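The data blocks that follow each hold one structure.
Across the two complexes that follow, chain A remains constant while its partner is chain B and subsequently chain C.
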Partner chain A sequence: MNSRPVAYVLMAPAAVLVTLFVIAPVGVLVLLSFSDWQLGSSTLRYTGLGNYRQLATDPVFWVSLRNTAFYVALVVPVATGLALVAAIAIRGAGRLAAFYRTAFFLPVTTTVVAMALAWEFLLHPSFGLVNLLLAEFGVRGPVWLRDADTVLYALAAIGVWLKFGYYVVLFLAGLSTLPTDLYDAAAVDGIDRPLDRFRYVTWPLLGPTVLFVVVVATIQTFQVFEIVATLTQGRPGRASEVLLFTIFQEGFVYFRTGYASALTVVFLCLILVLVLAKFRYFDRKVYY
Partner chain B sequence: MSSLSLRSVSKRFGATNVLNDISLEVTDGEFVTLVGPSGCGKSTLLRVIAGLERQDAGQVCIGARAVDDLPPAQRETAMVFQSYALYPHMTAEQNIALSLEVRRLSFARRLPLVGGLLPGSARARHAIRAEVRQVAEQLEIAHLLGRKPSALSGGQQQRVALGRAMVRRPSVFLMDEPLSSLDAKLRAQMRVEISDLHRRLGATFVYVTHDQTEAMTMSNRVAVMHAGRIGQCATPVTLYDDPATLDVAEMIGTPKINTFPALVGPGGRLVVGSLPLEATAGLPEGTALTIALRPEHLVPQADGSGLAGRIRSIEDIGSELLVRVALADIQCDAIVRLPVGQRDRQSVGRAVGLRPAPGRVLAFDRTGLRVPLAQAGAAAAPILARGAAAGQRS
Partner chain C sequence: MPRRALGLTSVLRHLLLLCGAAVAVTPFVWMVSASLMPHQEIMLGGLRLVPEEFAIKQNYGRVIADVPIPRYLMNGLLVCTSIFVLQVLVAVPAAYALAKLSFRGRDFALAAVLLGLMIPAHVPAIPVYVAFYKLGLINTYAALIVPHVGSVFGIFLLRQFFRRIPDETLQAARLDGLSELEIVWRIAVPFATPAIIAFGLFSFVVHWNDLFWPLIVANREDLAMPPLGILMFYNEEQGSDYGAMMAASVLMTLPLAIASIVLQRRFMEGISLTAATKGGPQ
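Entry: the complex of A and B
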């Protein structure tokens, strides 16, 4: 019996949905990026590479790209590094493991906007907890979210806090797949100090998980938006302007949909590079 | 080289008594096997000896030293795991060398690049390489040292795991079902090689297996474990001929020992079905017992007397015949081992009469403990001593 018609029928719902909600919008987006369309406008003119040419010389885009890259470079290593340490600690925490796992995961489940407000209070220059604590040690804390020198660090700290529990869970899943026999063998071999155990067993065997988490974290961190939109709006100056926020402003505040589309295409290409890198490594798998 | 002694070792996991008051003395250079069905606690006992698991009560001594408070690495034991537990990201050579490196080189010296620059590192590494090579040559894996475990066959991985254990020159080798993931042919070969290795090294071996053939062929003594206890620890021959409990009798020997229900008849004489046996027990008339007979100790009678039965199937394995006989009288099947010379005389469906070989009947009471028997008519002297006669095969 020919099973191909059946296969097509079974595939159809998913194919239709993916086309309708992913492929078609991206297609429209690419088309719009070659136009000067404004949201709500009834006319539209083909401008070729005009939007992209403008983008290449737009200082806002370059500042935004640099800020985003800086934010990613801060958040990804700190969040994944802390998550790995926390995951290993949780594995050894015995009865308290479930508590810590939940506590770390809690921020992931919350509404980012609400949490951003809580952070705004914590970081408030005069009555925020952070600066009150600093004052206890005689340090005059900066105006975290209003100072161009500190705003990205403050946002990065919030970003780490928001996401790190998710990476803890991913690392815990990875750690639970490591064969316990190897740790036993290592203990008999004399590898019984935590640092040696990490170096000779955990780290090499966790390689694939680490790579996976780093890629996922990079993709997620690239998409930083809510905390910027709620806390700083890209200010002061353009010190906290990030890509998604720029796209949002161009598209939905200034209604320059064509230009926003071009920005989005660039953004998608950046993400695509990461995804391709991930698939390249994962299809070969870092197994031994 | 050291002896090993376990004194009243107990271990619980939750409500389960995994190890129940286990005492065992292993002399220096002895090969002792722990055998038993899965879940009997044999692997846990091995892990307690290695220090990977802490006992709740009792003491473990290696040589003259109590090792209860020592971490695994300081117990002078080496362990070979069922899964081999080789480090998958390291070559065979690195796998074998690692325990020496960790012992002899400081953390800084073991760092890549930097470590090599520190004075003395090169000399220490050179010595380690030489020792690894020597062990690899003993195990005939010198040509495989550059490969990672994934590029090695099961048997080769097994040798690397043995090498990793040997290179430290431990006084006690602990082996946890090391052959169970090999195919039958390789297993038979490795059995011989591990026995050879034991002779060459002269070290103390404690070997865990559920395969009684391994236990019987390799060991000086075998400890048969059941539900967290050692049922009997004795030489393989003693276990086979003179088991202390029904569990031991059933665990040892292939095919499994035959068991039949029996009663103590008038004058203490044992009766199976309607057949009185040539054996008496000093128990009250009417006591129910289980008697056990090895397949070679059931003898077909030329005149058809004895336990009447019919041949149900014949397994001809070339060197001997294993004949399954349905015994109508007691509603049991019996396996009879016959020499191949009888091949032409047996056929499926044929009626036979079976009698136990004289003096070979083993009897057990309701709790599974051995009951001493005397030859019927003779004086009351027991023909087989009861219990755990500990001997040593040389």
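Entry: the complex of A and C
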């Protein structure tokens, strides 16, 4: 390969757009986070670490961070765990495999906001399906989305439902790369019961895929916004306040631009930790 | 392939999968069912799937009369298509240059792309909003489209594909007198079609579903994307007419649900392909 000036022509539109809409904004964001600027205000004062100091003592931020972590801790293990079981079960499901796959996949590509509303209906305290079913067993169901004790569980259930099929597809892709002769070899050694096969053959081989899916799921789940903005707006109280919703409110409802910028920087740092973990472990792996 | 177990294992397997499938499908079934029911019947709270009395005209009629559903769907289609077409026009030449040409600053450009991959879409929102606000571009289609056109994800994904084009093919094309630009569109693009389709589906689902950015820059009814449109109707209703709300949800979900079933295989290939590079659709 020799140097070709035409490369600059080919690169130019992308370079301009990525600089304008991705890279420069991050720089501006960091600068804004050191200021007290509010959108529309004509004065901008440098406040150093003021916003970050305020953040450290802001109960809303800590509640928001805790709720987000709690939501992630609920959704990621349940969604990925169930997806792994489902993917393994589908592999041996014969002719019905395509049907199951289609069913599981259906929630993944639907309009999230519309399905969130369908879930609100399912979770309605008096005529929603969930509480009607509970009533059949004599249990009085809670007011899922309006009760501070249940709201995060309800949102997590919706989160699992939305993403579960996506992880099934990832696990199926991972499972399809496992060498089949290992199962035959294991059978010769007397490992032929399904649970043993999973424990001694599938699990050790699938380890990297599992870790990969868990990291991807964590990054995605951390960015929960749509279902909260649609169904609870962070309520009741601050019981379902999550990071992106806090950023949205501070930045675009109260227009406290400087403070929202600091929040975003913290959000970015948390995501970067996860992404770097992913790159570190998986950069050299080829998944396609 | 594991040996197919018969008997108990097989029964358990199908039982488990059927339960899972039921949970996955129930919200859709319940939504459609409620969209056919009169409000009074929904409020009675019976475990009925088929309504005693159909209220199709009442529910769907109300939605069609009150909510500009076609407008929202057209906005979605227009914005998502524009974003995708422009993304490809920008990403393809850049990805080709990064994969197959050598030039000063290539390593730097590649590092910038990798860095960009780590930044979630919500992070540049505040500065970009401020810029659009200053330029008077809030509540325009441009505000919905332009910030997404330079996709580092698209560039990276396509670069990975273009790297596999044999250099001999490119040399032969150059000897035939093709310019680099012709090589990009006549050789590189056909070579990477599966990646472009995967990227297209990814891009469509992400931007169709995004609520964060449209809520910020285009929250007027005539510019509303499908999620925002349905949210506006919901906020007017506040749960007073579930039949009509579910009818609106059905109409908004239908196009993507059909596309998802028809293009399922493509979608799944796309997920395996795109997840390897990034977290996939959010």
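Keep in mind that, in the parts below, the second predicted complex is superposed on the first by the 265 of 288 C-alpha atoms of A that agree within 3 Å, B and C clash if a C-alpha of one lies under 4 Å from a C-alpha of the other, contacts with A are read in each partner's own complex, and residues count from 1 in each chain.
Heads up, the rule we're going with is that contacts are C-beta pairs under 8 Å (C-beta built on N, C-alpha and C of every residue); 3 or more make two chains touch, one makes a residue touch a chain.
Just so we're clear, the structure is a prediction, and the values are computed from it rather than from any experiment.
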When chain B and chain C are modelled together on chain A, clash or fit: fit
Geometry of the superposed three-chain model: angle at chain A (Cα centres of chain B and chain C, steps of 10 degrees): 80
Partner chain in contact with A:Phe255 - chain B first, chain C second, else both or neither: neither
Most chain A residues touched (candidates chain B, chain C): C
Chain B versus chain C as contact partner of A:Gln220, first or second or both or neither: second
Contacts of A:Thr264 with chain B and chain C, given as first, second, both or neither: second
First (chain B), second (chain C), both or neither touched by A:Ala103: second
Touching partner for A:Phe70 - first (chain B), second (chain C), both, neither: neither
First (chain B), second (chain C), both or neither touched by A:Tyr200: first
Partner chain in contact with A:Ala187 - chain B first, chain C second, else both or neither: both
Chain B and chain C, minimum CA distance [Å, superposed model]: 7
Residues on chain A lying within both footprints (that of chain B and that of chain C): 187, 192, 287-288
Residues of chain A defined as touching chain B within the complex: 179, 181-182, 184-185, 187-192, 195-196, 200-201, 204-205, 207, 287-288
Chain A-touching residues of chain B, taken from the complex the two chains share: 47, 50-52, 71-73, 77-79, 81-83, 85-89, 98-99, 102-103, 107, 148-150, 164, 168
Complex contact set, residues of chain C against chain A: 1-5, 9-10, 13-14, 16-17, 20-21, 23-28, 30-31, 34, 42-47, 89-91, 93-94, 96-98, 100-104, 106, 109, 112-113, 115-120, 122-130, 133, 146-150, 152, 155, 167, 179-181, 184, 205, 208-209, 211-212, 215-216, 226-228, 230-231, 234, 239, 242, 245-246, 248-249, 252-253, 256-257, 259-261, 264, 267-268, 271-273, 275-276, 279-282
Chain C contact footprint on chain A (complex, rising order): 1-11, 13-18, 20-26, 28-29, 32, 39, 82, 85-86, 89-94, 96, 99-115, 117-122, 124, 126-127, 129, 132-133, 136, 161, 164-166, 169-170, 172-173, 180, 183, 187, 192, 194, 197, 216, 219-220, 223, 225-226, 229-230, 244, 247-248, 251-252, 257, 260-261, 264, 267-268, 271-272, 275-276, 279, 282, 286-288
